[in-house]
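One chain, chain A, links the two complexes that follow: it is found with chain B in the first and with chain C in the second.
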Partner chain A sequence: MPEIFIDYQRFEFEQPGKVLQFMLDAGLDLPFFCYHPCLSIPANCRQCVVKAGMPVLNREKGTFELDDKGERIIRYFPKLMTACSLDLTDGMVIHTHHSDPLVKQAQADNLEFILINHPLDCPICDQAGECPLQILTYKYGPEGSRFEHKKVHKPKAFRLGPRVVLDAERCINCTRCVRFTDEISKSHQLTIVSRGDKNYPLTAHGQEFDDPYSLNTVDICPVGALTSADFRFKARVWEMNQTPGIDITNGKGCNTYLWTRDNLVLRITPRQNDHVNSHWMPDSGRLAYQRFNENRVHRPHIKLDGNDQVRTSWNNAILTLREQLEKTEASEILAIGSPHAPVEDNYAFRKFFKMHGVSEFFFVPDIRPGSGDGFLLSDDQTPNTNGVRLLDFKETTCKNLSSKIQGDKYKLIVLLDDSLFDRPDWPAIDPGNSYFTVWATNHTPTTAAAHLVIPVTCAAEHAASYVNVDGRIQRTVAAKETRYTNRRLNLEMSMGRLDHYGTQFDNWVDEKNRIDCIPAWEFFKKLDAEARFDWNSSREVLNEISRTLPVFEGVSYERMDTLLGVPLSISRNTPVDQKKTIEPKP
Partner chain B sequence: MTDDWKTYKPLLLPDLPGLTDIETYEKYEGYHALKTVLDNPDTWSPEEVVLQVKDANIRGRGGAGFNAGLKWSFMPPPDGKPRYLACNGDESEPGTFKDRKIFEFNPHLFIEGAIIAAYAIRAEQIYVYIRGEYRAWVRILQKAVDQAYQKGYLGKNILGADFNADMTLHMGAGAYICGEESSLMESLEGKRGYPRVKPPFPAQRGLWGRPTTINNIETLANVPLVIRNGSEWYRRIGAETHPGPILYGISGHINKPGVYEYPSGMSVHTLIHEVAGGIRKGKKLKALIPGGSSTPPLRADVLDGLTMDSDSLRKAGSMMGTAGMVILDEDTDMVDVVWRISHFYHHESCGQCTPCREGTGWLEKTLRKIRNGDGEMRDLDLLLAICNRMEGRTICALADAAAWPVRYSIERFRDEFEAKCKQTVYALS
Partner chain C sequence: MAESFSFDGKDLEVIRKILSRYPHKEAAILPVLWYAQDKFGHTSPDVQHLVARTLDVPEAHIHGVVSFYTQFYEKPMGRHVLDVCTCLSCQVCGGYDMLSYIEDKLGIRAGETTPDGQFSLQSVECLGACGYAPMLQVTNKQYVNHLTPEKIDRLIDDLKAGIEPSFESMPPKQHEKDNRLS
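For the complex of A and B:
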């Protein structure tokens, strides 16, 4: 197998590739800025320089020339080479800063150059704490500066587009943002303008940087030059907890991180998953943080006489719904699942009402043809259409469903978290004369029309699974505490830096922002007067699903975590095994 | 070999009026070389043209002095897909203004050379990238190209042979860096003029990813001479390792600045004192920048016996470059000269690579500080340190070109720099 020697250590490589990527994969350190595994390689930052050489081949003998000591004679390239653009070659010898003082010096020199015109305003820069320039400077940079002149001045706090703000003075001209718009989002909206040390990225004259993926440039910008208009100055990164999640704003299910502080989600960034979204996510998914924090249904709401909803106790909500169930025939219950709600909640919903004799379950997919882009935006506006399909809910349309509601047949409507009344094709009508119960995360026109609203946890508050448009089941982790969860006690929550090092006086333990809500499965467990459900966590709900439903066989949180989601063997038209669907346990 | 320079008859810019017109050019053997090649494909196969040109050892006149035929031989065998010849007429290096003379007085010689080159490397599309400020000369060249099309030297089935070639002129937009060959290709492709990382070299992946050869205008103008007279004849002109006619662009403190055509290997003193009429106002020479602003300046006291060819100049510690000689007299403030050159490179760095983008500015600002009388002795060491950190660490050679004049001026004229630093209020520091 071909071999390469890095700092006197021998490595083997199978595939052709570049030295820097090989080193990163092997866990070796080398500073770099402009290189990104998904983008072309401009080798412009010059930070990743190494000393490289090749053994001298004796062409006649076909062997390597050896010196007196029997060591291979190495002929080094006359200049330092950039590892990011250097091809792995059999027999190549590499020296990094660990084994060559010149390389070490060159890396420090380069950082000194980068810093001479950099504003060094880390104390007020959003990137501080997660800034490659800051990190690499501490690690490889020079002490102090010898630059005694006026720095170059460029536009600051400049709005490139609706979501991205540029501080051109911080830019180190790595061109990652430009390459992103050229090669990934293909909007070609950015270019570098001007020349030399006056360079900075900009759109064409009169054009806005409104690329639907524009915020990815903020993620990959190795400094604080590009910042999110939304997140700017909101929080320091080290004050936040970072929890893995799933984008719930469309069917692709981009993997995300939810960043929380004070029990609020402050920003959403992509999490690498090469099966789904690589390193990217659409801007729309990042704005979902607002719905996790604002306008939440807090405690159950009930409509007494008249039209005003009031808050009520959980006990009262449960008793009211039991009462409704008792006086309603199973055939008079209209049960509507939700492509917005996770697999576990739809399952519990279905299982509960099935036990009450309901035989038909509906849901309305929200698929808007033409709104997707074939990349990370799907036509499907919901995160779990496939999940609901697999649980044997019948697909229907807004029109059909509303005429069902209008009719006299149904006395009790139960609707899992889905604001149907907001849908563009929902006919403008009221929910008729039936008793209308909804489970919801947020206040919507639909909850406003309901007689009983049960607050449920959102994707930031529960561990739950969603099946994306490609049939991949992926799960979230609770990022935010509810009234009933606690970061330190609840093992299903992520652990962040503050969990390890914070004190209870840290302001992220903010009672105010804990919503009074529970996962829907938990509600159904409580609702069942005979206490027939023995789940203690969503993990147990999913385990039951994978035990009883063949398509979910072998799916577990552990597997989803290690494999970054599990592909289910379904196609859109595969009928789900009807017999083995959810039967109440004896 | 250059003793008889006084009787030398110019070959690139012959003293014949009206050569810009194709009829006149044809009258003086114009396009004969092309005809010879195309009419005798058996003796003049593309490979044979490459061999002859390689044997003639036409050293690239764009600055690097690379053997043109050897460069052509790097083109991979044809595969039926497009290949390109790009002619570099960007000519933006301070002190260099020779290609302009070819456009102005003998454009057909260049066109003929370019067509032969295209034939040799089997390219059917020729681009000519011309410095945008050369508007007037572009017009002359465009007219010449049009005439060549009318006469069937360009276009389909040239002179009845199974060979097509198109020539397209492209004007630059004022960036020096677009003269660097890979940046020139980016610019031709309609992109920002950022030099490319090499490898891959242009012959492997050039314009639109296809094999491409880039040659300077003057380099190509030499090609018909080789075809007409043979490589042996050509190699007998001028210096042995750097043969052929050279357009010496002489400027600075000189009585008769201008472009002069003489064989390579001319004595520097002859060029300055006899050809160009001596130093202005009878002053003494202080320094010579031999081949455009990026070549290291030479002190007057090393010029005795020095000739204008790459070997001799390398030994003296400089380079042939573009043979754009800048003459500096005894009154010249070297600090000021170097600052001005630094200002140019600071202004022209494309800004892609860190050491060049930041280093050029730092050099200029430090030199300006010294020039303005605020310099400190430690600034000189700082300047050298910056040069060390720039040289050889960038994508293209602009960083080297920016560093060399500073490094060698400080090394060779250190007394002047020190004197300047000592005049300041910081003298004791």
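For the complex of A and C:
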């Protein structure tokens, strides 16, 4: 097998590739800025230089020339080579800073050079704490700078587009942002203007950087030159917790990180999953943090008389709903599941009402043809349409459902978390004379019309699974505490510095950020007067699903975690009449 | 964007010829920009927009190319453009002195145009004539080498009188001699 020697250590490689990527995969350290595994390789930052050489081959004998000690004679390239663009070659010898003082010097000098005009404003820079320039300078940089002159000044706090702010002085001109718009989002909106020390990225004259994926450039910018207009100055990165999640704003289910502080989600960034979203996510998905934080249903709400809802106790909510169930025939119950709610909640909803004799379950997918782009935005506006389908909910339309609601047949409407009244094709009607119960995360026109609103956890507060448009089941992890969860006790939740060292009496802690809500499955467990459900966690609900429903066979939280989601064979198991509505893979 | 500039049939024919010389259209950007600047006198944002549309390349990219070269004018310039080199070799041989001499003489700063529209002044990077430092270039054409205040006085007087300096060291612009275009 071909071999390569890095700092006197022998490695074998199977696939052709570049030295830098090989080293990163092997867990070796080498500083770099402009390289990104998903983008073309311009080798312009010069930070990844190594000393590289090849053994001298005796062509006649076909063997390597050896010196007196019997070691291969190595002929080095006359200059240091950029490892990011250097092809792995059989027999190649690489020296990094670990074994060559010249490389070490070059790395420090290059950083000194890059920092010549850099403002060094880390204390007020959003990127500080997660800044490759800052990190690499600490690790590989010079102690100081020999530059004594005035730094070049360039535009600061410049609005490149509606969501991205540029600080041109911080830019190191790695061109990652430009290459992203050229190669990934293909909007071609950015370029590097001018040259030399006057360089910085910019759009064409009179144009805005309004690419629907623009915020990915903020993620890949190796310095604080590109920052998010929305997140700017909101929090230092080391104050936040980082928890893996799933984008719930469309059907693609991009893998994300939710960044929280004091149980508010402050930003959402993509998490690498090569099966789904690579390193990217659409800008729209990042705004979901607002619905996790704001306008939440907190404690059950009930309409007593008139149209005003008041908060009520969980006990009262449960007793009221039990009363309603007692006086209503199963055939008079209209049960509507939700493509917004996870698999576990839809399953619990269905199981509960099935036990009550309800035989038909509906849901309304929210697919808007033309709104997808074949990349990471799908026509499907909801995260779990396929999940609800697989649980045998009947697909229906707003029109059909609303006429059912208006008719006299149903006395009790139960609607899992779905703001149907907000849908563009929902006819303007109210739930008529039936008793309308809604499980919901946020206040919406739908909850306003309900007689009873049960607050449920959102994707930032529960561990739960969603099946994306391609049939991949993926799960979230709780990022935000509710009134009933606790980071210190739930070992799956992440603990930031402030959680570790703070107390609930610190003045930055706001109890209001912990919403009074529970997962829907837990509510159904409590609702069942005969206590027939024995789940203690969503994990147990999913285990039951995978035991009982063949299509979910073998699915577990452990497998979803290790495989970054499990592909389900939806096409095989989906009834024929529903197959056609499943979106094709882009 | 207001479209005040356009290429006519003859222009498009030239551009088609330029395109046919290269394997991909990005390579044609420079000659087409030269052509546009010769025609319109500058490569302002509107002209960049026109070139981008004509070649079907991203407008941002054109902006990057135009702003890279001081030889492309992003705004209308005076009749004569004096590009004074202030890069390393010229700098140590007095490039900045020459620049400020011209600034004082014309009463404008680098980057500005005289009110009568006769002269524009730019401070530019190395023009590859370090051996003749300090030097300047007149409107992307003649190099004027070994600058002294006297030489500058003479140059400006000549230009005012409509006398072009003779070439001291450089051939004329490459594309003007390019017979494949005509």
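Simple rule for what comes next: the second predicted complex is superposed on the first by the 556 of 586 C-alpha atoms of A that agree within 3 Å, B and C clash if a C-alpha of one lies under 4 Å from a C-alpha of the other, contacts with A are read in each partner's own complex, and residues count from 1 in each chain.
By definition in this document, a contact is a pair of C-beta atoms (placed from the backbone, for glycine too) under 8 Å apart; a residue touches a chain by one contact, two chains touch by 3 or more.
Everything numeric here is computed off the predicted structure, so don't read it as measured data.
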Clash or fit, chain B versus chain C on superposed chain A: clash
Based on the superposed arrangement, let me know which partner A:371 touches: chain B (first), chain C (second), both, or neither? neither
First, second, both or neither for A:204, with chain B first and chain C second: second
For A:191, decide between first (touching chain B), second (touching chain C), both and neither. both
Figure out whether A:536 sits in contact with chain B (first) or chain C (second), or with both, or with neither. neither
Classify the contacts of A:359 with the two partner chains as first (chain B alone), second (chain C alone), both, or neither. neither
Just to be sure I read the superposition right, which of the two partners does A:113 touch: chain B = first, chain C = second, or both, or neither? first
Once the shared chain is lined up, is A:80 touching chain B (first), chain C (second), both, or neither of them? first
On the superposed three-chain arrangement, identify whether chain B or chain C touches more chain A residues. B
After superposition on chain A, the stretch of chain B among 40-48, 58-66, 94-102 or 400-408 that runs into chain C is 94-102
Please report the chain A residues shared by its interface with chain B and its interface with chain C. 191-192, 194-196
For chain A, which residues are in contact with chain C within the complex? 181-182, 188-196, 202-207
Please output the residues of chain C touching chain A within their complex, sorted ascending. 1, 45, 48-49, 52, 58-64, 67-68, 125
The answer for chain A against chain B in the complex is residues 41-47, 49, 78-80, 82, 85, 106, 109-110, 112-114, 116-117, 146-147, 149-150, 152, 172-173, 175, 191-192, 194-199
What does chain B use to touch chain A in their complex? 175, 177, 192, 194, 197, 346-355, 357-362, 365-366, 369, 382, 389, 392-395
